[in-house]
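For clarity, chains are labelled A, B, C and D in written order, and residue numbers in each chain start from 1.
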Amino acid sequence: MLKTALIGCGRIGRMHAEIVNASSRTHLTLVHDVHGPSAASVAEASGARVAETAEAVFDDPDVDAVIVASVTSTHADYIEAAVRAGKPVLCEKPIDLDIRRVLACRDAIAGTDVPIQIGFNRRFDPGHTAVRDELASGDIGRLLQLLITSRDPAPPGDDYLRGAGGMIRDMTIHDFDLARYLLGDDEPVEVWACAQALIDPDLKQMDEVDCAMIVMRTGEGRQVLINNARQSPYGYDQRIEAMATGGMLQSTNRTPHGIARFTASGTDAGAPYLDFFIERYREAFVHQLNAFVDTVEKGTPASPSFEDGLKALRLAEAAYQSLETGKATRVET
Amino acid sequence: MLKTALIGCGRIGRMHAEIVNASSRTHLTLVHDVHGPSAASVAEASGARVAETAEAVFDDPDVDAVIVASVTSTHADYIEAAVRAGKPVLCEKPIDLDIRRVLACRDAIAGTDVPIQIGFNRRFDPGHTAVRDELASGDIGRLLQLLITSRDPAPPGDDYLRGAGGMIRDMTIHDFDLARYLLGDDEPVEVWACAQALIDPDLKQMDEVDCAMIVMRTGEGRQVLINNARQSPYGYDQRIEAMATGGMLQSTNRTPHGIARFTASGTDAGAPYLDFFIERYREAFVHQLNAFVDTVEKGTPASPSFEDGLKALRLAEAAYQSLETGKATRVET
Amino acid sequence: MLKTALIGCGRIGRMHAEIVNASSRTHLTLVHDVHGPSAASVAEASGARVAETAEAVFDDPDVDAVIVASVTSTHADYIEAAVRAGKPVLCEKPIDLDIRRVLACRDAIAGTDVPIQIGFNRRFDPGHTAVRDELASGDIGRLLQLLITSRDPAPPGDDYLRGAGGMIRDMTIHDFDLARYLLGDDEPVEVWACAQALIDPDLKQMDEVDCAMIVMRTGEGRQVLINNARQSPYGYDQRIEAMATGGMLQSTNRTPHGIARFTASGTDAGAPYLDFFIERYREAFVHQLNAFVDTVEKGTPASPSFEDGLKALRLAEAAYQSLETGKATRVET
Amino acid sequence: MLKTALIGCGRIGRMHAEIVNASSRTHLTLVHDVHGPSAASVAEASGARVAETAEAVFDDPDVDAVIVASVTSTHADYIEAAVRAGKPVLCEKPIDLDIRRVLACRDAIAGTDVPIQIGFNRRFDPGHTAVRDELASGDIGRLLQLLITSRDPAPPGDDYLRGAGGMIRDMTIHDFDLARYLLGDDEPVEVWACAQALIDPDLKQMDEVDCAMIVMRTGEGRQVLINNARQSPYGYDQRIEAMATGGMLQSTNRTPHGIARFTASGTDAGAPYLDFFIERYREAFVHQLNAFVDTVEKGTPASPSFEDGLKALRLAEAAYQSLETGKATRVET
C-alpha cells in the first residue's frame, strides 16, 4: 500500500482522498490544507494525520507519494519541493497560469528522475482511451479531423473566475491535453481561436469569455476543433469525434442510468448527463491514480508528464495570442 | 401503365388512389364506392371515372386490375367476382371475419390462376423486409425468438370496434402475418393468448379487449411474442426483435425527422413516432403496389396470397379459443 | 463499521468480499468455505480470519452480520442458523430449489425479527429502480404491460445445470422478483410458460430448457412478459419495458464505455454489453449491501424479504406446472 | 398544374424531372440539354417535348416556369434570360463561380419582380427546418453555437473537381447558406478557414482541398463551425448541432431503414447512411419545388433568393481569403 499524502482539501482534494482510501493499492496517511478545518475534516473521515504545513508533508518519512490539489499558484512550488524531497507527485493541472513560472520550474527540476504526473484525468476515461487505442491500432484508418466538445454544466462564480486565469487556461487546457493524447506524435503547430462572452455578456468587464471555438492544425495537417461552453442545460457535455479515412469514432456522454422515456413530448429520451467532472470522470480519476501507483511502484514513465503540462499551456498561450491578432498563431516549442 | 380500378374510397382507399396515381407503372381509371360522393371526390382528384356499381368495375374492359378497399364484409364477394372476371385483385385484409366465409370463398375460387394479393402491407416495410432478408441469409444464425410490438396511437371509436370483429382479428392479424413472413417455412403450430380491456375497461361490455400478449410456438419450437395495445401516447409503435444464435436484429420505429433534443428534462430525445399506418407504412404501401404490378405484368406469384390471408385468420381463431380455455391451442391447418 | 462474515467463497462470494471491503460501512472479519483454499484466498486478500465451519461463523461474537453465498442447498439451513444466532443475514437467491424446504424454513423462523434479506440484486440497479420510482410516482400514468428481457451471455456448463434446479428456478427467478418489484401491490395471479431447448437441443436429455417466454396476468389484469435465453452473442442483455397509459419507459443495457463506431458496415454501433452480472450489476450489488446495512443499523425493513423469496419461487412453480399442462396456472398464495 | 421546363438533363436534372412529374402541382412540358440524347431520354421518360436551344425554352408560350440544372457557367445567363422572358426560375446553386459575374447579373436584373429561387435544397429538409423553427420559436433559448457537419460519401473525379471552382465554392456553399438560414437575421461577419488535402494529398497539385474546418463569427458574436470532408466511409454525413441557452438541438442523419444489429462486434448498429444528396435530400427537393410553385402561384417571396445566392458566395470568398492570409476575414456586404 502506497502511503499517500494529500495537499489541498477542497472539493477535488476530498475526491482524491476518497479514491485513495477506496483503492487496495493506496492508503491516505497525511493531509494538509491552509484552511485547518478542511484538513481536519478529511483527516477524520479517512483516518489520516494532519500536517500543519506543506513542508511537513514533504519532510515526513512515512509518506511515499504526494497528491497536490491546492490552488494553482502553489503547484510549481510543491512540484519543486517534491523533487527536492524525492517524493513522487501527482499534481492537479495547470502547473501554473504563467508560463514563465512553468519554465522556471522546469529549470529548477531539470535532470530529476522523481516522477511528476499532471492531473489531466480525461486521458484515463474508458471511452476516450478506447478512441485513442482504436486510432493507434490503425483499424479505422488515418485520422483526418478531431472534434472535442467540452461544455460545463453551469458557469463558475465570479470569485473562481477571477483566479482561474481565463477560460482557455482553466477549462480548455484539458481539451488541449486530450487532443494531444489522441493525436499521438503529430503535435498541433498552429492555433486559431474564436471566443466571446455569449452566455453572460457581463463577463466582458473582467475580460473573460464563456464560449469558444478553437481550431488547431497539426504538423501533418490534421484539423482539430475544440468547442467549449461554460453552461450546458442538459448536463456536463464531454464528447470526442474522430473522423478517419476508414470511418468515424465517437466517445459519447453517459447518463446516470439506462432509462429511456417515450411520451407525447419525445421518444427514447435519456436522463440528463452526469452533472460534472467528479461524477462523469470518476472512473478516470481511479485509473489516473492506478497509473500514478504504477509509475511509483513499477517505474512506468509518469504520464501525462510535466512536459505535457507545459505543452498544453503553450497551446493556451497561442490561443490567447490568436484572439488578440485574429490570426492563426504558431505554437512555441 | 396498369389500368387500375379502386373499390372503396374511404381513408385507406384514398391513400391507394394517391399511390396508384403517383406511380409511373399504374393509372387510376375507375372508382366505386357505395357512398357516391366519396367516389366522386376521389375521381375528381385523380381524373378517374366513377362506376355506379361494383359489378360495373369488374365488367369494365378498360380495367386491368382491381384494388379492393371496401368494408371487410364485401372482400370475399369481390375476390370471387374478380376471379370470375379474370381480373387480378389486391384486396385489403382480412378476407372475412368469419373463417367459414373464407373457406367457402376458397372453394369458390379453387383452381383459379387469377392473381389474388392480400393487403398485408407490413411485409413491404423496408426495415421489416431487411430483417427477413438477414434472417433468410443465415448471417445472424438460427432464429430463436421473435418479438413483434404493435401499438396503435389511439383507440378507434365504438362504431369501428363494433364492426371490426375483435382486436385480434382486426389488428393482431397484421402481426400474425408478419410473424409468418419472418419465420419462413417454420409455421406457428400453437397459440396462447392473454388479452384484457386495460386502457378502457368499458370495452368489456362489448366483449372487446385493448391490450394483448400472444405467444406462439412454431413447428421447430421457436417462440414468438405479439404485443398489442390500442393506445400509444408516443405515436404508432411498430417494432420487431429477432433473437438468433448469432445476434439480435431489431426493426425500430421511425420519427418524422431526425431532430434530437437535449434539455434539462432529457437527452437525445427524438420526435414522437409517425402517427399511424398511412404515414408509417407509406413506403410499404408503395412497394406493395409494385409487387402487385409485378405479379400482373411479370407473372411473379401473388404474395401475400389468399392462403396467407386464411392462415393469419386461423391464428386469430386459435388465439380467441385460447382466451376462452386458458390453454395453448393447436392451429388448424 | 459492520463486522461482516461471508459463507461461500466462490465467484459470487469473492465479489461480495470485495464490495464489503470497499465500503466505508462494512468490514470483512470472517470467511468460510467448504473448500478450504477458497476461504484462505479470500481471507488473505481481505485481511479476514477463516472459520473452519459455518457453525463457527454463527457462533462468533465478533460477527455482526452474515452474507451467505454458498450452494443453494445450504441456504435454508444457514438462514435458520442465522435466526438462531440472532445475526442478520443477506442470503443469495434462491432460498431453496424445493418449495417444501422453503415452507419448512418459514415455519422454523416464524416470529423472528432477525433481518433476512434475499439477494435479488436487480432491485437495486439504478435504471430498474428509476423505472420503479417513475411508475410509483404516477407521472407516466397507469402501468398496462411489462416486458422483462433477460439473456445470459453464454450457457453454463452441464455440471452447473445439473444442480441449478432448472432454468426457470435458477435464472427466471430474478425476473419473477423484478416483475413483482415493479408491479408494486398488484401481484401476478396467473402464469403461462413456453420454454424449449432451442440453443442446445441436447439439453432435452436432462429435461432442461434454454429459451423461455413466460406471460403473467396480475390481479388487476396487467400483462407481464419475461423473455429468457441462455445465450446472447452481444453480451448480457437485461432490459425492462414498461408500457403505461401516459407513455413508455425502458431500462436499457449499458456498454463498458461510450464509444460509437461509424463505418461502412454500420453506424452508431456501441460496444458489446458488459459481460455478465458481476460487471452489469456491480452498482446494484453495492446498493444491495447498503440496504442491508441500513436494515441492520437503522432498522429499515429487510427487503427483498424471505416472503419475497418464497413468492418468486411460487411463480417458478406455477411456470413449471404450466409447462406440463399447457394451461395458464394460478399462483399459490 | 404549373407547366414546367427543365434546362440541363444530367444527374440532378433527371431527378428534378422525376419530382416535377410526381407532383400533382407541376407537369414537365419541355426539356433542353446541350447533349441532345440526354434531353431526348428525359423527354421520353416524362412525356415532355425537347427544345433544341435554351432560347427556345424561354420563348415557349406554353412554359410557365423554368428549372435550371445545367453547368454552373450558364446559370447567370439563364437567370437573365428568364427575367427577360418574364418566366420564374428555380436555378441550381451556385449562381456563378466568379462573384463579378454574379454582381453583373444582379445589375442586369435589378428591379425585376420575376421570381428567382436558388437551389439551396437543404433549407427544405424536414429535420433542418425543424431546427430552424425551434430556434425561431425561442423555446430552446438564445442560440450560442452552431456546428454543421457535411461530409460527402466519396470524392468526385478530377474532371468534376477541375470545373467545380474549389471545394469551398462547390460544397461548403450549401453549408454557408444553411448557416445563414438557421441564424436568421444575425449574419456572419467574419470567416476563418482551415483546409487541406488530407484524404488525397495529390489534390495539392491542382490547388484543391478535401477537408475543411471553417469558423464564422456573427454580428452578435455567435460562433459557427462548418466541418467538411470529401469522403465518409459510413455514408453521406449531414448533421446540425445548435447549442443554445436552454438546451441543444441536433438534426441527425437518417438510415435507409430502421434496422439495428446487435452482435459480438457491436450493439445497436444502424445501417450506413443514405448514400448521397439525391437519396438523403429527396424530401427536401420535393418541398423545394412546392415552395417554388407557391412563389409562382401565390406570390410568396422567392426564397432562398438571388441575394441569398450572392451572400453564400461572399462567405466562400472570405473563406478563401482567410486561407491565404491565415487571418479572420471580414465578409463583404
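We take it that a contact is a pair of C-beta atoms (placed from the backbone, for glycine too) under 8 Å apart; a residue touches a chain by one contact, two chains touch by 3 or more.
Keep in mind that this is a model prediction, so the values were computed, not measured.
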Completion exercise
In terms of mean CA position, the chain most removed from chain C is D
Handout entry: Inter-chain centre distance, chain C versus chain D - centres from mean C-alpha coordinates, in Å
Key = 57
Fill in the blank from the handout: Whole-Å distance, C-alpha centre of chain A to that of chain C, is 40
Handout entry: Per-residue multi-chain contacts in chain C, two or more chains
Key = 233-234, 246-248, 253, 261-264, 271
Exercise for the section: Sort the chain contact graph into one of these: line, ring, star, complete or other. Expected result: complete
Handout entry: For the chain C and chain D complex, residues of the former touching the latter
Key = 233-235, 253, 255, 261-273
Exercise for the section: In the complex, go through chain D and note every residue touching chain B. Expected result: 21-22, 24, 125-127, 129-131, 134, 140, 246-254, 256-264, 271
Problem - chain B residues within the chain C interface of the complex - result: 141, 144-145, 147, 151, 192, 194, 196, 198-199, 211-213, 215, 217, 221-223, 225, 227, 229, 231-234, 237, 243, 245-248, 325-328
